[in-house]
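What follows is a single structure, written as structure tokens, with notes after it.
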Amino acid sequence: MPGTPPTRYVYLGPEGTFAEQALRTVPAAEHGSRTPARSVGEALESVRAGEADAALVPMENSIGGAVGVTLDELAEGGPLVITREVILSVEFVLGARPGTDLAGVRSVAAHPQASTQCRNWLRAHLPDATVIDVLSNGAAAAGAANGEYDAAICAPIGAARHRLTLLADKIADHPDAVTRFALLSRPGPPPPPTGDDLTSLVVYIAHDRVGALLSVLMELAVRGVNLTRIESRPTGEALGRYVFFLDCTGHVADARLGEALQGLRRVCAEVRFLGSYPRHRWTDAVGHRPVPAPAGLSDADYTDAAAWLARLRSGELS
Amino acid sequence: MPGTPPTRYVYLGPEGTFAEQALRTVPAAEHGSRTPARSVGEALESVRAGEADAALVPMENSIGGAVGVTLDELAEGGPLVITREVILSVEFVLGARPGTDLAGVRSVAAHPQASTQCRNWLRAHLPDATVIDVLSNGAAAAGAANGEYDAAICAPIGAARHRLTLLADKIADHPDAVTRFALLSRPGPPPPPTGDDLTSLVVYIAHDRVGALLSVLMELAVRGVNLTRIESRPTGEALGRYVFFLDCTGHVADARLGEALQGLRRVCAEVRFLGSYPRHRWTDAVGHRPVPAPAGLSDADYTDAAAWLARLRSGELS
Amino acid sequence: MPGTPPTRYVYLGPEGTFAEQALRTVPAAEHGSRTPARSVGEALESVRAGEADAALVPMENSIGGAVGVTLDELAEGGPLVITREVILSVEFVLGARPGTDLAGVRSVAAHPQASTQCRNWLRAHLPDATVIDVLSNGAAAAGAANGEYDAAICAPIGAARHRLTLLADKIADHPDAVTRFALLSRPGPPPPPTGDDLTSLVVYIAHDRVGALLSVLMELAVRGVNLTRIESRPTGEALGRYVFFLDCTGHVADARLGEALQGLRRVCAEVRFLGSYPRHRWTDAVGHRPVPAPAGLSDADYTDAAAWLARLRSGELS
Amino acid sequence: MPGTPPTRYVYLGPEGTFAEQALRTVPAAEHGSRTPARSVGEALESVRAGEADAALVPMENSIGGAVGVTLDELAEGGPLVITREVILSVEFVLGARPGTDLAGVRSVAAHPQASTQCRNWLRAHLPDATVIDVLSNGAAAAGAANGEYDAAICAPIGAARHRLTLLADKIADHPDAVTRFALLSRPGPPPPPTGDDLTSLVVYIAHDRVGALLSVLMELAVRGVNLTRIESRPTGEALGRYVFFLDCTGHVADARLGEALQGLRRVCAEVRFLGSYPRHRWTDAVGHRPVPAPAGLSDADYTDAAAWLARLRSGELS
């Protein structure tokens, strides 16, 4: 909109890591400001404080699993909602200063998770090189750029930013590894349904009730709501309750998800709504292809059933 | 109400059977007219045609099981609703004309179901008497009264009506046998909830779907609705569907039963509502003791959950 | 087998009713003796006492529903098992003495259930005839044969036995009505599986446990066992328990049904096994077409899983 | 046993971190060798290669969540089984060289997760100190010991090993934070049941099947097996399947868990058994208090049901 100030984005830094790369896939982010934060907590705090409008932070990755600090902030911190998910292929590259070739690499800087994910490649191609742990993919690239190490395992964006030459790309052992990021804002109306949406929830249920989780899943299944992710979280706090993170198919505006949410509200100790948002599309070129509701569970089916019940209650019909 | 014409009741005849006795337990029936009908079909037809206001017919009894003709009329005939259930102890007596004593009984008239239910008593007390099948308990009493048979197995009301002396009472082998009757009217607003109500349904589901019945029961269980009766009905019609008769706890006006009904409406091929009505009380002296809803399933819980969902959808809360 | 005495069959009499007609569809019964019994109880008692080898009695029919006395005998009486089911089309005919034509029929003898099932036909074709209730279809045919009534509604076999002329056939309002009979024997090894079998059970569960029936159905559903019939039975005995009659797909020799039965045994107050037997075939000309087990639930799948578990327990595999 | 060589333990290093501290709580480890490994992968590889007998690695912690690399090794790597779990309170201390006092601390070395967990304490007590990220709690302690930093956030064992003075203890914001470690060995017979055991599984199920997870949970619920942890793992590999990590109550030797495992084997694409082992006891002084099986699900109930089924199949009983 004319006159609307550009959106202020913050992302988990430093610069040159996958989070920045993920943010660059959000079209609107090209027109806003993009500021790295030192930690997930710092990024979210700046949104809560109104210093930024949206924060892009990792939720989980296919190798390392859930990002606990992000989940805990969402579960326990001041309320924020997910308005978009971004899934990024984790493509590691080996970068070095121009003029270095693979044969000359004796030391490789890498975040421990990055070197773990490229272990096979390193064994095959650099069996004699020393791997030095550093604190981030961005730090690895910086260290290679300033000559501290011969090469760095890093994100493509990190290599580009530090003007490193690519000695190899796609060096991860799992070529299809991905990281899933969430764009978080202060609470507000959710983005409109696209027909292919996800809804994220934090659900607290009473401890050690046999079948408690089953009853939660039945609330969803009865309304044809599918889970795309579930994760229980350990607690040492003897709180007498379990906490689960759930990602469900559907949008809070859908009749069936609405009914399922009300069911969870009633059976769970607590439910925290983390937002409804479009499922990640691998290319923005094509629009969302709406996923049809299961038989009997469309909004029209709900409307029909509600009208029928009203007739029953008034005695117009039996 | 002053000026209101008295209610016209019809019941499954003939006079002097358990159906009449059951009707006499309905306080309002004392002030209305009470007409026997020749068959269940006839009784219901006279209500549909407006010639009677309410029909009392048997639904099931603890010995003989469901009364198929009643169920079929409810499932397939013109719509009627249950407004009351009456459960009557089936206490058979042995009646004879005054002056007859047990030792003198050589022939006993009985409906075949009645003599079956008194088999042990007959063996023990009248091992040499001949049992003659007749078409109803009322016909048995009439036959003893007119001297056709020495004695009759009949209902207490039948013995009284035909001025028979009781040679023995409570002669049924199962002393706790009961018959359950329904009072049926033309469709209209259901009686108000008492907190201890039943709702009767006919449910048609797709044939041979593994787990179809389970999914019906899950619709109920998720809303804490309990079944007090379930009966599938055989079909030779190769209709490709099953039909079930269900009696559920709760009233159509209850939030949770309302949601369950909508769920059945959506997942079943067809649902026919047969009425919500107070559960039988064994004595009218005490009022209904409301049965509390399971945790999280009261009307107040539904109201709270609906308000919460509305807030989520408006973005006021996460 | 040479030297084996012929099987002694008993059936619910009198002669000339549907039960006898059903028994005649059992090939082996042609070579045995066939004796009518006065009641279901008498028929079953003669098998229990060893005076007969097998009894054919009605279980349920598509119009009148379950035959309570049969179910109660199976549930509460001395143990008997079902070895075969016979489903018979209930085709009523109107029979009269030779020389009588339809126009001359003033009185029609019929069992009340039979006249109810032919109500529409009677209205259309004999609007002015008087219907006289008699105690069985066989008695109706006999009464027409001896001139007591002008005509009888009866089974084709009853008309034939009493040498009645058919004034009309297939006069039932529901042309596809059927009755299901069971052939009952003293306990013994069940007939071998055909791949298309049923298993009948009586299941007692604790009273008023919310979801008790659901947990029974889950025991079946988890093993892919489908229900073809379910019926709860009312109890006035305040026994604190429910009783259900279940017909399940599968044979007690099947691995998955075996596991399901064990599950029911553990969760139910009591389970009574009523037999495994081939599902009714509409013609004996073709053999049973085995119904494949659901994915993962064949006997081979069970064998594989058991072998895997044995390896886990021995530590050979993880 | 005399002559048995001492067990060779390996743990996630470096020395002086929580993993070593956790290993020291295992009584047998006091008599074996204890070697730090550079990474989880290295630790597990040395067990697989036979260079060590058991590896202690972190599975999850109450702040950071699951340790993805451990789970992935268990799910995808050469088979290993969990023989013991150790849950350790994560008690961070602030250590410094003798002579340093809190007022003199200008720089604090900490692993980023450690400083995150002590954020509130740092704000309150060292608001002006600089926090320097290092790669492990052990490295932090070493850095404080050699004078590189004024102080270190580390484990008590790390402070002790580097002879640091404790400037403060229990400085974590969540005083009840814990880390859960697993002791892993090559496949072999599981430790005997204690009556209070856990079983860990990796379960692969078909992708996007509505209710697939529900059917997995039903396999468990029907056998009274409770979940203490569940975690789905994201996959970018478009494998068309989901993977779940489950921790269940019970031991592979228990009848009900055995039956549940067989059920999972049949309905899941793949099940990997990760071991049965005693649930963590907070003190070794008391033995395990066996947790009774739910009603109907004890080993004795299974034995009874199996015997009953055998009788049914032989025809001895109905």
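Of note:
Labels for the chains are A, B, C and D, by order of writing; each one numbers its residues from 1.
Throughout what follows, contacts are C-beta pairs under 8 Å (C-beta built on N, C-alpha and C of every residue); 3 or more make two chains touch, one makes a residue touch a chain.
Quantities reported herein were computed from a predicted structural model and do not represent experimental measurements.
Under the contact definition stated at the top, no chain borders both chain B and chain C. Looking at the partners of chain A and chain B together, they share no chain. Chain C and chain D touch with mostly matching residues; of the residue numbers seen at this interface, over half occur in both copies.
Averaging C-alpha coordinates per chain places the centre of chain A 25 Å away from that of chain D. Centre-to-centre separation between chain C and chain D, using Cα means, comes to 58 Å.
Centroids built from CA atoms put chain D at 59 Å from chain B.
Annotation for chain D: residues 218, 221 touch two or more other chains. Pairs of chains in mutual contact: A-B, A-D, B-C, C-D.
Of all residues in chain B, those touching chain C in their complex are 39, 41, 60-69, 71-72, 87, 89-90, 112-113, 116, 119, 133-135, 174, 176-178, 180, 208, 210-211, 213-214, 217-218, 221, 224, 226-227, 229-238, 244, 294. On the side of chain A, the complex with chain B involves touching residues 79-81, 187-190, 218-219, 221-222, 252-253, 258-259, 261-263, 265-267, 272-275, 296-297, 301-302, 304-306, 308-309, 312-318.
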